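Letters A, B, C, D, E, F, G and H name the chains as they come in the text, with residue numbers starting at 1 for each one.
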Amino acid sequence: MDYSKRSIKKVLSHLKEGKITQASAFKRLEHFPFHDMGFAKIDFHRAVRKGFPAVIFAPGKRNSEVAEISKKIVASGNTLLITKATPALYEYLSKIIPRVRFEEPARMIYYRGRRAAKKRNPVLVITAGTSDIPIAEEAALTLEILGNRAQKLYDVGVAGIHRLVDKMDLIKKAKVVIVVAGMEGALASIVGGLTPSPVIAVPTSVGYGASFGGLSSLLTMLNSCSPGVCVMNIDNGFGAGYFASLINK
Amino acid sequence: MDYSKRSIKKVLSHLKEGKITQASAFKRLEHFPFHDMGFAKIDFHRAVRKGFPAVIFAPGKRNSEVAEISKKIVASGNTLLITKATPALYEYLSKIIPRVRFEEPARMIYYRGRRAAKKRNPVLVITAGTSDIPIAEEAALTLEILGNRAQKLYDVGVAGIHRLVDKMDLIKKAKVVIVVAGMEGALASIVGGLTPSPVIAVPTSVGYGASFGGLSSLLTMLNSCSPGVCVMNIDNGFGAGYFASLINK
Amino acid sequence: MDYSKRSIKKVLSHLKEGKITQASAFKRLEHFPFHDMGFAKIDFHRAVRKGFPAVIFAPGKRNSEVAEISKKIVASGNTLLITKATPALYEYLSKIIPRVRFEEPARMIYYRGRRAAKKRNPVLVITAGTSDIPIAEEAALTLEILGNRAQKLYDVGVAGIHRLVDKMDLIKKAKVVIVVAGMEGALASIVGGLTPSPVIAVPTSVGYGASFGGLSSLLTMLNSCSPGVCVMNIDNGFGAGYFASLINK
Amino acid sequence: MDYSKRSIKKVLSHLKEGKITQASAFKRLEHFPFHDMGFAKIDFHRAVRKGFPAVIFAPGKRNSEVAEISKKIVASGNTLLITKATPALYEYLSKIIPRVRFEEPARMIYYRGRRAAKKRNPVLVITAGTSDIPIAEEAALTLEILGNRAQKLYDVGVAGIHRLVDKMDLIKKAKVVIVVAGMEGALASIVGGLTPSPVIAVPTSVGYGASFGGLSSLLTMLNSCSPGVCVMNIDNGFGAGYFASLINK
Amino acid sequence: MDYSKRSIKKVLSHLKEGKITQASAFKRLEHFPFHDMGFAKIDFHRAVRKGFPAVIFAPGKRNSEVAEISKKIVASGNTLLITKATPALYEYLSKIIPRVRFEEPARMIYYRGRRAAKKRNPVLVITAGTSDIPIAEEAALTLEILGNRAQKLYDVGVAGIHRLVDKMDLIKKAKVVIVVAGMEGALASIVGGLTPSPVIAVPTSVGYGASFGGLSSLLTMLNSCSPGVCVMNIDNGFGAGYFASLINK
Amino acid sequence: MDYSKRSIKKVLSHLKEGKITQASAFKRLEHFPFHDMGFAKIDFHRAVRKGFPAVIFAPGKRNSEVAEISKKIVASGNTLLITKATPALYEYLSKIIPRVRFEEPARMIYYRGRRAAKKRNPVLVITAGTSDIPIAEEAALTLEILGNRAQKLYDVGVAGIHRLVDKMDLIKKAKVVIVVAGMEGALASIVGGLTPSPVIAVPTSVGYGASFGGLSSLLTMLNSCSPGVCVMNIDNGFGAGYFASLINK
Amino acid sequence: MDYSKRSIKKVLSHLKEGKITQASAFKRLEHFPFHDMGFAKIDFHRAVRKGFPAVIFAPGKRNSEVAEISKKIVASGNTLLITKATPALYEYLSKIIPRVRFEEPARMIYYRGRRAAKKRNPVLVITAGTSDIPIAEEAALTLEILGNRAQKLYDVGVAGIHRLVDKMDLIKKAKVVIVVAGMEGALASIVGGLTPSPVIAVPTSVGYGASFGGLSSLLTMLNSCSPGVCVMNIDNGFGAGYFASLINK
Amino acid sequence: MDYSKRSIKKVLSHLKEGKITQASAFKRLEHFPFHDMGFAKIDFHRAVRKGFPAVIFAPGKRNSEVAEISKKIVASGNTLLITKATPALYEYLSKIIPRVRFEEPARMIYYRGRRAAKKRNPVLVITAGTSDIPIAEEAALTLEILGNRAQKLYDVGVAGIHRLVDKMDLIKKAKVVIVVAGMEGALASIVGGLTPSPVIAVPTSVGYGASFGGLSSLLTMLNSCSPGVCVMNIDNGFGAGYFASLINK
């Protein structure tokens, strides 16, 4: 990424070595630490601080606002990532930033800046059911953009635990595991009991009645009796992918 | 059903007796214990283990995904059952699997595989009000597909308990009773106090205001002071029908 | 009661007729409309406005505060009524106001001022279980102090509805009914369906687990499908007795 | 109303006196105590027992079901009352039962059977705001159909309490009061403190944010520190009108 | 049990055959259908109707009330069962009814009347953890009193699923299974996925923080994606044992 | 404003001085203290009592009702303010009261009466994210109409706290601060810890999953460990602007 | 206060003017901006930044920890303030810091450092009932320590609104009002409708049943239809006093 | 640890090499994979699978049960760890297993088996307040037992963010951070915005009123707008320490 620590150092050493003018250096750094657009302040510094620039949460923003922010991020060479996006937003944006892509199952719009170096170990993304896949895809796409490979193991919920047992080797070998599950959310505890690796649990709002919009799986995961399980917000696939990438070394 | 214990034994004994080739036996069993479609793993083994194959919960799945899973189940000779289905999904599916049927009041799409042996005792399905009927129909259709007869006693809620008293004989004779009720959900306790048979209570989301999407009837049923009452998730007519069939002998 | 409209008119006409001095009239009326004690303002006017003086809710008040308020009320000739009282408070108070009485099942301390005229119709107080009796007793004692007779029908919950049926005549004849029930609280709907009279439902905190401190019976009663049922706060026996007395004519 | 105790006695005495034939008497009484339509059991007996026939709660019922039930009720000479109705339902019904009327603000469809005798005292219906009016209208129309006059006092919420004070006489004279309020629901306590008459409080779902669909006003009303206040379900204008009519003598 | 249908018929036929006097028959039947003690109405009829007499829920009842009810039940020859009992209550009762026993882990006081006929199949009672044992013992003792054998499989929660796998044969052979689990409650779904038999899930209040007194395991179990699972109230071991006995044939 | 204390005094002194007739004075004051429109009672007195006339909360009111109320307010010379308005309502109103304006981001319709005197100090309005801007704009517009200048500092949430630090001077100098934040709502505590001025916290419903419609940020703000923070209802930008104006001197 | 901006400037100017040695200046300032005690970091800087040093929230802290923190604060010359304190903590502390005082009704331990300059306007503290007094006293003591006079108006809840009306002048003259109320919490809206001054509403946990530990009054206050009302956490008397002092000029 | 993969391999190779007898090998491995004590099944296999044996959650277990389990774990050479322990349990245990230690602030009883190899990087444990320390100590002790060094940074909550800023270097250098915070829980988001390392957030039940037992900080942390934050159950210090150790490499 453009604004990684390395790239800032490069700008500075290039300046020192006379490779670029001060004006040019200034232009590269002027938006540091953030770009003030009035209605939004893009946190380019986050690329330095957190290894990733600001991600755009689409709901509640106007199309024009998203477009303005997106243009600045793309122009800076950073990777653009928009979560919980709609096809309508994509249609709007693709006219303004033609190269953006839309991954519909993941409900994400993105544009890759400089690619991150590939990490060695894949991250395993598991879902309990087929309806949980959109959130899993959000995690998987985030993982890939951050330089990880995502292994997918979908629809292995606890109602037919032999489907899980069949894939035991995959689970045991994974260095980081993301478990995406709605309804009763029990899968996170099971996987947490099977693997010595950290498990990132993502409750989903899949279900009806007493699932109360994901509350049931959220509480299940928080109360997991398996140590080694941590929990993200309901439907927060991006957060799980990001966290998994942080601990995947 | 095709994948009942009996049918697996038959395949194996036919192989032993030379009635079928090893290749043919393999073909019959290759999807055992489940069929991996990537985005879904159909649990054919459940027909052996639980006496019924995987049921498809429609919400949150794409039409194409439902269709892919459905085709495999129908091709295997098993009974297909899709819950919380919409007319739109039926329209889509009926073009791909022409013989599927849609029971609109029950919101279920199904295709009968080999019929289950009929059980002797009917299961009594009671509703408190007319608005609870869709969930009761979901239970009743599940019961019938699993080989039970469903006796229906609708709209006998506690506001006019003489309607219930009038049908006392029916209730007292039933070996298994399903009670479907929204709003205050009191009917389950009443019926539980009248019959020596097990009562399966299904709260519904019928109501408004402080019914909080079915929470009121759920809590009522969980706190029933009549012993012999167990509770399903809000609006889970399928689960009630399935459980009733399990204990109807 | 001393501060009824009648008694105020009497003071004024006595003054007019010269039967009492102005000083004496002033002394009788000086606390009108309320007596300001700094930490409490006793609403004597309520005896005029609502037919009953202020009732003392004991929890959260110091013994000395309750005693000071009580002394003023007793001195004014009004009826003293303290709800949710403990034996310890009674012991403290009985040393200061020797004639106060403690009705332990109802958890009420009281001292009768001038007695109210007896009303003709009794009010029927029904409980679902034996554990609901304290709240029913709180309602019954309130009723009696306000000049009503309280008929008690305890432990007729819906788990054995024939116990209720056996008393049907009693229920059908009652002009006002109070139903006190915890756990699933279904009794209010049943009674509401049987009688043409108004039913005042009091949920209680009796129960455990998913009764959530009375929430289950509260929601049940609010969602009653029988018209003619209104609801009081959880464990509010006093409120039910008071409301029943208001509508008992 | 046709099925009042009086009308049944009249049929029987007419039969005894030879004024009608046995066949005619039978025809009048054959649906007693309820009419079983399979999907619905109309509780005509309620007209005897409760002074009013079954009311139809529209949501969750099919138009055709509502029409079938409505036709039977109208044919019996009873008053038809449908709550939470939509204009679409009215359009459907009015083609089948031309004389039904739709009171849009109250969201009620009705057809008057024999009129009830007018009661002497009016019932006062108060709202806190203008947005609470539909629920108040539901109460008022119910009151009128049951033979009461409804006095309306709208938009006198506690933010401008002098609007209430201005109408104090009206409040003090009312024998029964219904208070309809959303948001913070404080009006019920204020009115309860001003009048010696019973107050029926109806929380509404008016509000946003932490009103949580009417929970805030519901809890406020249940915790009212004014005695003489009872509570109905959120948005249950019909229930309030019905209860008020019961106690309006 | 004394008041089974059989025993009533016996009394009547003995009377008919002149084996007992009318006075004696009357004495045997006089408490039929219930015994009215004013504060409690013992439902002896339930022994006929439900196969078991009234069970006493101890909390909220005075020791003297429990003793009075208990004496009547023991005198009638029925089995006495008191749930959620304390050692203090036992100490009190054992002085009055010397032969009562206290099963401390199950928190139950009981006195066996005529023993029920033993049923053939054992019921399997499983707990997730050691802290869930008291509720499991409540279920197990209920089962035994009702004529069932209870097989116990404790501390096999999902954090170490191989402990469960080790006992797979036991689970697969069981005709009825009770699963008792607090915290995340996932065990019910796992067991439900492994066995073709009905599973009765009992959430417990074991846990802390976001278990919210058992809410987490309750929601988990209600949302179970395994069909064949029904749910009891939090900590309701008695209810699970009773229901299991009903369906254990 | 027309109905300020000053303007009433002016009417009275003009009358006294013979500048206007009694009829004219009466006409100016006749709607005092409120104008009764039956379905709404406009609280003109509030302009005197609270410094601002009644504000119209649009949801739940019919367009015609809003128009009637608006016409009266505009005719009185007061400032009209309608919150949570839709473009459709604006379209309707602008045909009736042509000069009304619609501030779409703030979702407010307004018409300025006599302008309030400008206050010296600006009020600082801060948002955590871009999606919180509509509520902030509602606060800002309210502030401006009430005579305050609103300084806006948007999108400075805690995920990139250096954006906040960069604007520290602005925060430290502000005499009153409004903080608008959804999701985790932490910004209010941070700002509360940085400034000696009062902070008015407005939780928003921005977020998903466990934000539960703004509950998460509401609870965060109520539990703020920074003293000097008070809280408004979720999404109540108007209330925050009004309160800030009250304390901005 | 010792660490006010003024006192820091004084230290620095004394140093400059040679009145104190550098060592002495250092000793006065060394704990600036906070004193690190390992388990606690006393925020002396807050005296500069917020006008008040850190307040100690007693629950969850060991007596020894509170004592250590208190000694440092007292030694610095600042005012010590401990909230939600128990008599036991006071007994412990008073042996270590003899001059600390305990205000039992307010549950606060304090020791006055240099006194703040008295402010001109009093702050009015109102309670709905007598049980709300402890929280009001917490607010009042905080106000006094911060240099305000607190006027108290206790027990004027909405059940007897004439008690409030009687004190109308007091309310209308107050420049800042704190309203403390449990149960239904309606008093805040009433007062908010009567005064043009800002109202700080403090819900209390006084009540029972559906007050749910103060939730009812919290929601009431958040949904207040009177503008000019802001809300503090349940039982947060200190916060209300602090906020009122901030806006009392 | 004794049952690490390494130690099992050692037993097997020692057997192969004739260093130990088969009987000796059997004795070492016989409890593999778990030791069945009837009421508890110690999961020694977890040492192999998860790198740590079963941890004992004390609440709800009898002292004798805890002692039995503890003796087996200590005898096996594993590390014993008991969470949420009381001084009374320690007193009981220390008589049976004299060498156990009690860390009172962390509420943990433990006995170290073979020590884990020390890890290079310390884990930073931060608390918002002093009252959060017990949970932080639980995390820190868990970390140390698992071979990590724990750096502690206590009482740096957001009310005085400069305390945090002062320690910025410490935060930025940490490879893994645990943030423990009650009340509003905002600290996790702040720290998450400052560090590129993973942050494990632990909400605590510290607070009162609308903290609802830790719900407020739990929701805050789940809704964190800083990516890189995952959440544990309320008060789950052990889980945070365990998870941090897993990702600390």
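Just so it is clear, a residue touches a chain if its C-beta (ideal position, glycine included) is under 8 Å from a C-beta of that chain, and two chains touch if they have at least 3 such contacts.
Only a predicted model underlies this, so the values are computations on that prediction, with no experimental measurement involved.
Novice: Equivalent interface to F-G, which of F-H, D-F or B-E, with over half of contact pairs matching by residue number?
Specialist: Most of the F-G contacts reappear at B-E.
Novice: Using the average of all C-alpha atoms in each chain as its centre, how far is it in Å between chain A and chain H?
Specialist: 28
Novice: Report the inter-centroid distance (CA atoms only) between chain G and chain H in whole Å.
Specialist: The mean C-alpha positions of chain G and chain H differ by 38 Å.
Novice: Using Cα averages as centroids, what's the distance between chain A and chain G in whole Å?
Specialist: Roughly 44 Å separates the two chain centres.
Novice: Among all residues of chain B, which ones touch two or more of the remaining chains?
Specialist: 49, 129, 159-160, 193-194, 209-212, 215, 218, 222-224, 227, 233-234
Novice: Pairwise, which chains touch?
Specialist: A-B, A-E, A-F, A-H, B-C, B-D, B-E, C-D, C-E, C-G, D-F, D-G, E-H, F-G, F-H, G-H
Novice: Quick check on the complex: what are the chain A residues that touch chain B?
Specialist: Those residues of chain A that touch chain B are 129-134, 152, 154-156, 159-160, 162-163, 166, 206, 208-212.
Novice: Touching chain G in the complex: which residues of chain C?
Specialist: Going by the criterion above, the answer is residues 33-34, 38-41, 43, 45-46, 49, 54, 57, 59-61, 65, 69, 84, 203, 205, 213-215, 218, 233-236.
Novice: If you look only at chain B, which of its residues touch chain C in the complex?
Specialist: Result: residues 128-129, 157-161, 183-186, 189-190, 192-194, 207, 209-212, 215-217, 219-227 of chain B touch chain C.
Novice: Inside the complex, what are the residues of chain G that reach chain F?
Specialist: Residues of chain G touching chain F: 49-52, 55, 193-198, 200, 218, 222-224, 227-234, 238-239, 242-243, 246-247, 249.
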